[in-house]
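The following pair of complexes shares a single chain, chain A, combined with chain B in the former and chain C in the latter.
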Partner chain A sequence: MREPVTPDPGSGKTPIEQRMVELFRAEEGKVFSGEELGNALKVSRTAVWKHVNKLRARGYGIESVPARGYRFLTAPDTLTATELSTGLRTGRIGRRIVSADETDSTNLLAFRLAEKGAEDGVVVIADSQTGGRGRLGRRWESPGGVNLYCSVILRPAMPPVRAPQLTFLSAVAVARAVESVTPLCPRIKWPNDILVNGLKIAGLLNEMSSETDTIHFVVLGIGVNLNMKKEQFPEGLRYPASSLMLESGACVNRVEFTRALLTALDTLYEDYLEHGFASARNEWLRRSMVQGRRVRVSSGDEATEGIVGGIDDDGALLLQRGDGVSERVLAGDVTILDDLHP
Partner chain B sequence: MREPVTPDPGSGKTPIEQRMVELFRAEEGKVFSGEELGNALKVSRTAVWKHVNKLRARGYGIESVPARGYRFLTAPDTLTATELSTGLRTGRIGRRIVSADETDSTNLLAFRLAEKGAEDGVVVIADSQTGGRGRLGRRWESPGGVNLYCSVILRPAMPPVRAPQLTFLSAVAVARAVESVTPLCPRIKWPNDILVNGLKIAGLLNEMSSETDTIHFVVLGIGVNLNMKKEQFPEGLRYPASSLMLESGACVNRVEFTRALLTALDTLYEDYLEHGFASARNEWLRRSMVQGRRVRVSSGDEATEGIVGGIDDDGALLLQRGDGVSERVLAGDVTILDDLHP
Partner chain C sequence: MDIKDLKTLIKMITETDITEFELETNGEKVRIQRGRPAEAVSYALPQPVAVAQPVALPVSAPAQEKPAATAVSAEAEKSQTITSPIVGTMYRAPAPDAPPFVEVGQTVEKGQILCIVEAMKLMNEIEAEYRCRIVRICKENAQPVEYGEALFLVEPL
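Entry: the complex of A and B
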């Protein structure tokens, strides 16, 4: 991924390379003359040649057909703004995509862009992260070329106490994307671990800037292990982790997965803004491993047991205890107790 | 304020200049010989001379008494780590202070330091801000030499839905500090405007990094208009604003105010971690302009009227409506309706 960070995420112009890829794709297999491309893109034939070479440098296969022109052969599976934007039909999420070859963390880059005014729905993606972070601030392994590390800037007009609901949307979006590009059956474990075959395949980490009653912006950080190999995982992980490739046995197309994720999030967010948390919550509960199960939630030295009755508007787990008392649990590690006695 | 940003906010060493100021202050009026200072600070007499000159360059008045040594005369009213730390007796807040002459925004600087691991209680202060932000992301005027712009990094072990409570702590801390260094009587207007004589004198803006059930860190941004003059306020402010100097008629010592603020926040935060939100909430309600009053809360096209019964754990305003129904209000602009009929 050689594309630099888009300097101005607020600029509304579609880059020429992206429009060229769209032209090629509209009539697959066709040989386009330099003149034809130049006319369509309103640039000179020399400029056409330069942009074709730029695309080739990014891994696109474009054949030069002597005396006739150019034929589009293959697109690379790299998470560039050009490749992701082509054919992405979302309303808000990813209307503007900022991609980087490497960054400290996509959340931090998104936070800086949001501070400078980047609008609702801007997506930041990096091929690799030098300072990726996971649960409890631990390191999140972020090698290049295999996974997805992205951050989505949202500016919902609502108070900050509702922000935790957005994490539930991103968990459901990851689950939907996994289902749409693999035969795997993802499950969500409260609070928001996304598991495949009992192994963690994604991490969610959020940032927010707000006043008491108003969110300025939220950054939803989403990391998904797509094609990571066994030897790329660090030793001694607290939660056993895996990748979609390891679990499905097949390499996942990163561009296809990312488009599916952004599309799912777009639909969920649109519905959330219009109708509130109910529908995302219901979908979360359907995919959750805990609804109706007997669980123990441990936090520090304390533990509570009960039957899970759902989650409330704060994302708290609602437990029906043995003594009939209902309890709200805001944090902790969940163990499912009735696994052996279904 | 010429002191650069402390490169390592985690380093536990007290700088030599600060220890020198503490020595001078322990015996006011005394002439210290270079040898005496050198022995106490474990440095050479040449080093003593260099550190004395560094302090002078920062505005400290230190007299050279020929053939005898140095006498401490005056400290500058600049918000450097050296000056603020001297005599600050807090447990967590401000154990480490990072000060800068100018920065984009202290919140953003604190956020970057927190990402790199700056611990619970680190305070970031700048003399002026080039990108200070206020309510709804509007510009917050941040001229140098007159006000306080600070950000406090907190790492409470709790879920992110509780984070809004921390803003109420910072509002109470500002009110306490105003009371301790001026004869003014500050009031708090929900959500968290701090008013003196009906005019806004402080702004609060927070950032947070979290997972669903765990806060990584919170940055509490606190801006207080201390000695700002009338002509330094921008035209057309939505909320009428003022400074403590304009309202009290006397210049406020910035160092004294900041120490009072950090001390108040330290006490409030310690109590909050130990005993929860109750005590800060009670103090907030006592200082609030709205408790027990009939108010209208407007948000967009909607408005609700009722008698204020308090605030809940989310910081929501609890309204008793005329029809007897209780309502929780999470956001909006408050107008007090019974001002004319007390």
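Entry: the complex of A and C
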């Protein structure tokens, strides 16, 4: 495991690869033959091929055009602290960013840092995770170079009973970020699944360390499938999943997405600390599109149906059942029933 | 609040039907819980000080003479309850196929994870705040728990 290093984005890039990128960028969309690149860089065609592969391994998108050469598709998009911090104007979230090439899980790393005293708003990001996980120990596929795996340490001065509200803040933040960098329309599924075209594109797992009346810290774990390709998804997923690239047809700039996410979270968190849950809740309701809709909530063998009246301070879903009884649902899987006939 | 005030307070409360009482003044917090399952008084200061652990005072709650209560009160005599800080679902293991964090009779160290309470996809790891022995596990795996509801009965060591 490579522990939190904050690699300098420029380091480790040999001059040849750097120059190759510059050549590509000077004429975007052009297909360069191996010979042309070799001549310009004064290396053999085999060497060109090797350098192209090295760049690809670092997350560059370079297409091989059969019998013609190479076409540059995507800019280097490394999620390093230096890269992300440039132009990030947040008050709390991401004032300090810890980035790692690879870690077991950003939530675990954030937990370790928080236990050592990492402050409110510290963000932990890894390019790949060897032990990415979801609820109840489920695996979260975390290949390098394509997605976002990040965890945010929060230390809100409030009792632990309120902490579940933070789940709704992070869901809203992800939805805002998706909306700001893609033309897609994300929908939030209660409480915090983010769906695009009905497919899960993000996994949010939050963890808290607390005593009865005090929050030590909360770690908001946010994994978003940005540029993951079809073949990178594992078999047998619990929910149908996708990536923003697969849904929009365009590669998402990871740095841009991450900045948008941290900015959204910063705004929401500031507002939450100052004014409480109301505005995040309203935005969540709008984005979840469940308000006033008829839904079924299933949990194990049991299911309840009703019209959604909102969510309460615990985040519980408030249902008005057909028999007039209102019910408070704390866990379960929500299906919108009148979805097909809006 | 000194020990004398605390005693007076306990006396006042035990003369009523109140089973749970909480008072917060000038950063001090007093919580008194009586009846089932354990008679516990906790007195905590915001700073970690020597008495930060719930002090097991021999509370002489009026013996609510109920049949079959003897075993419980004997068990509860030296015991403390660990309660849930949030409304949620209790998980006794990190994953469905993993062994439970703790079993009855086990001695756990301060900081050791006892269970997870999940609420709205927020996993709250409940840790032992002091070295103790697990006397009873009050909830089944994957059962809902209320705020303040007992999760474990432990004997501080």
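Criterion: the second predicted complex is superposed on the first by the 265 of 342 C-alpha atoms of A that agree within 3 Å, B and C clash if a C-alpha of one lies under 4 Å from a C-alpha of the other, contacts with A are read in each partner's own complex, and residues count from 1 in each chain.
Methods note: contacts are C-beta pairs under 8 Å (C-beta built on N, C-alpha and C of every residue); 3 or more make two chains touch, one makes a residue touch a chain.
In this text the structure is predicted, and so the values were computed from the model without any measurement.
Overlaying the two complexes via chain A brings chain B and chain C into a clash. When the shared chain is aligned, chain B and chain C each come close enough to touch A:191.
Looking at the shared chain after the overlay, A:108 reaches chain B, while chain C stays out of its contact range. Residue contacts after overlaying the shared chain place A:169 against neither chain B nor chain C.
By the touch criterion defined above, A:181 reaches neither chain B nor chain C. Once the two complexes are overlaid on the shared chain, A:252 sits clear of chain B and of chain C alike.
Using the contact criterion defined above for the overlaid structures, shared-chain residue A:158 touches chain B, although it does not reach chain C.
Of the two partner chains placed by the overlay, neither chain B nor chain C lies in contact with A:84.
When the two complexes are overlaid on their common chain A, residue A:314 makes contact with chain B and with chain C alike. Shared-chain residue A:332: touches chain B; no touch with chain C. Which of chain B and chain C touches more residues of chain A: that partner is B.
When the two complexes are laid over each other on chain A, chain A has residues 135-137, 159-161, 163-164, 167-168, 191-192, 204-213, 314-315, 330-331 in contact with both chain B and chain C. Chain A meets chain C in the complex at residues 135-138, 159-161, 163-168, 191-192, 204-213, 218, 314-315, 330-331. Touching chain A in their complex are the following residues of chain C: 29, 44, 83, 85-89, 91, 94-96, 98, 118-125, 127, 129, 144, 147.
For chain B in complex with chain A, the residues that touch the partner chain are 105, 107-108, 111-112, 115, 117, 131, 133, 135-137, 158-164, 167-168, 191-192, 204-214, 216, 314-316, 330-332.
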